[in-house]
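The structures considered in this document are given below.
Next come two complexes built around chain A: one with chain B, the other with chain C.
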Partner chain A sequence: MTSTSYSVFGVSMQQRRTRRKLVVMVYAVLLVLCAVSIAGATRYPLLYVYVSYAAMAVGMFVFGGMGQKGLLKGFENKPPRTQQMPLLEVERLRLLPKAEVEQDLSWKNDERELSRRNLAHYKAYQVVGLSGPILLVLTAWALFPKQHLLSVTTMLVMIFGLAEVLTVLVMTLPAAIILWTEPDIDLG
Partner chain B sequence: MGNDLYNRIAVLRAERNLSRQDLADALGINYQTVGFLERGDYNPSLTLALDLSAYFGLPVEAIFSRKPLRPLSEAVYGDGNAEAAVKMAKRSVR
Partner chain C sequence: MIEQTKFLGMPLKTQRQRRLVVVLYYVLFAAMAGAGFWLGPKVWGDLITFTLVLGGLLGGIQYGAPVKAFEEIQLPMAMGDGTQTLNLSGRRQNRPWTPLDERERIERDHAHYTAYRIMRWSLGLVALVYVFSLNWTHSGAKWDLGKHLPVMVWVLVVYVLSLPQAVVLWTEPQPPVED
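Presenting the complex of A and B:
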């Protein structure tokens, strides 16, 4: 699960309690950003871009899972590109021995880590999947504005807000679930 | 039948004076996974179980069991009776 350096901004994340604090703090910040973006949706509609960037940065550099940095190893389970990596063409032609690519396996998720990753994605799907029916109801209401008291603009802002939260969750929730559930790590 | 799987990985590793990292490197897994295996918190795939079996040079059933495993010394010397093994050991000392 873990990358080689298991800390964020110099703070060790070996303890599950510390990791849970980090997850809560990160989601608090993202929630505030989402709230600001939703509140200013009609005047500053492009604020959502920055929220998406923030969620992406969390996934890439704090939680991990996206790319090779952050607390968790890359979910894709692909070797990182280094200078030692052979050129793609050469690798495709199998002109170099495979062992040269696979010497350092620290990037690789083993079978338990892959099972944890898959379980986390399943759990995240349970949450994110709920947004489908909610979006359906909201859009159905927005299509028939005379049947309720809310204006179409309000309905659109609600749909926009839900889509924004959904975007943040899609980028961060599986990694957050792993960080939340994995027990304390003994690096000794 | 539950999903319980017992193993002797910790004992076998200690007998061979291996660290978790040594065993993990040999098997191509994370050293944390060795800890999970030893504590019974994770049941390995058949591939990993066979890799462990090959690494220790023992049959799979000597390492893993669906029933709680007896101490290795008792299994080897005790003939199924730990008290008898202790008595025999005491006699041999006298």
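Presenting the complex of A and C:
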């Protein structure tokens, strides 16, 4: 978890129970957006772009992991971009011994956090990996010429819906898994 | 995590050899995808039939391949003692799957993290290309990508299934040279 932010919109997220409620609420909102996009898929096929933006925003600013904002530290474990400094100042800092330069290491994941990150991505990958064959079966069925159970348009809308949900999951699932499973944080 | 020293006659001892196998695998995959686009519905059934086999050719999701299976695969195919495997470099062997040790689990999870990142970026790129293609093509156009939807989905599925094991093969370090 990030060391600088344990709250979302002023609500403390130290307790696992609260984080789980957040995850459920966020996914409920995203699913509603997906449903709206699917309902308007035939008329407004580019609605899904807004759903993708919403999922990205959740991943970047609420759950975290994708960047420096949000509840979780950035998954890539890279330091934040420093502000623009005059060249002389950059050179002066570069020549100083490292110990003298105060460094903010709050962005850095420790070993436990890195292993949690990797495990969450492994679990999320299994979910995403399972969705792929389902998508393939639906696609094959939709275009199978002798099936008359559902129209091709209906099948294509279902495929579109599944692809959209998959997009949302790809952007948010690893962070959601960590937020869901991480124990209560004790700052005391 | 690497269980074999040879795969289809190709050695896997050095990192360079393993990376070559990964490259050749994706060249084969691209050739099959190309055939799917070119030949159309005639070959879709064949492609779909071989999805899991092709996706697991490097291992990870099936036994008997270069990369050890990430988890025990629950299939009603085990005969007798141990798990029946097909060693593509030689005779059929009975080799029981052993749970991953700590190092292998760390390697597996890290490979999935890397694969997930690659997948996220590449899917975003594909979605962008597809959206642009919708603007430039129409249902009667020669290059209407919508007509090739099954092959595109098939490519996506095999790509997703194969990526973690490709990462493992690509990043497995060179073993130290024995004196």
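What we mean here is this: the second predicted complex is superposed on the first by the 166 of 188 C-alpha atoms of A that agree within 3 Å, B and C clash if a C-alpha of one lies under 4 Å from a C-alpha of the other, contacts with A are read in each partner's own complex, and residues count from 1 in each chain.
Following the convention adopted for this analysis, a contact is a pair of C-beta atoms (placed from the backbone, for glycine too) under 8 Å apart; a residue touches a chain by one contact, two chains touch by 3 or more.
All of these numbers come straight from a predicted model, not from anything done at the bench.
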item	value
When chain B and chain C are modelled together on chain A, clash or fit	fit
Partner chain(s) touched by A:10 [first = chain B, second = chain C, both, neither]	neither
Which of chain B and chain C A:113 touches, first, second, both or neither	first
Partner chain in contact with A:132 - chain B first, chain C second, else both or neither	second
If touched residues of chain A are counted for chain B and for chain C, the larger one	C
Which superposed partner A:186 touches (first chain B, second chain C, both, neither)	first
Spatial angle chain C-chain A-chain B, Cα centroids [nearest 10 degrees]	90
Smallest separation in angstrom, by C-alpha atoms, between chain B and chain C in the superposition	10
Touching residues (chain side chain A, partner chain C) in the complex	45-46, 49, 52, 75-76, 115, 117-119, 121-122, 124-125, 128-129, 132-133, 135-136, 139-140, 143, 159, 167, 170-171, 174
Residues of chain B defined as touching chain A within the complex	28-30, 32-33, 35-36, 42, 44-45, 47-48
Chain B-facing residues of chain A, complex	1-2, 105, 108, 110-113, 185-186
Residue ranges of chain C touching chain A (in the complex, touch as defined)	41, 44, 48, 51-52, 70, 106, 108-110, 112-113, 115-117, 119-120, 123, 127, 131, 134, 149-150, 153-154, 156-157, 160-161, 164
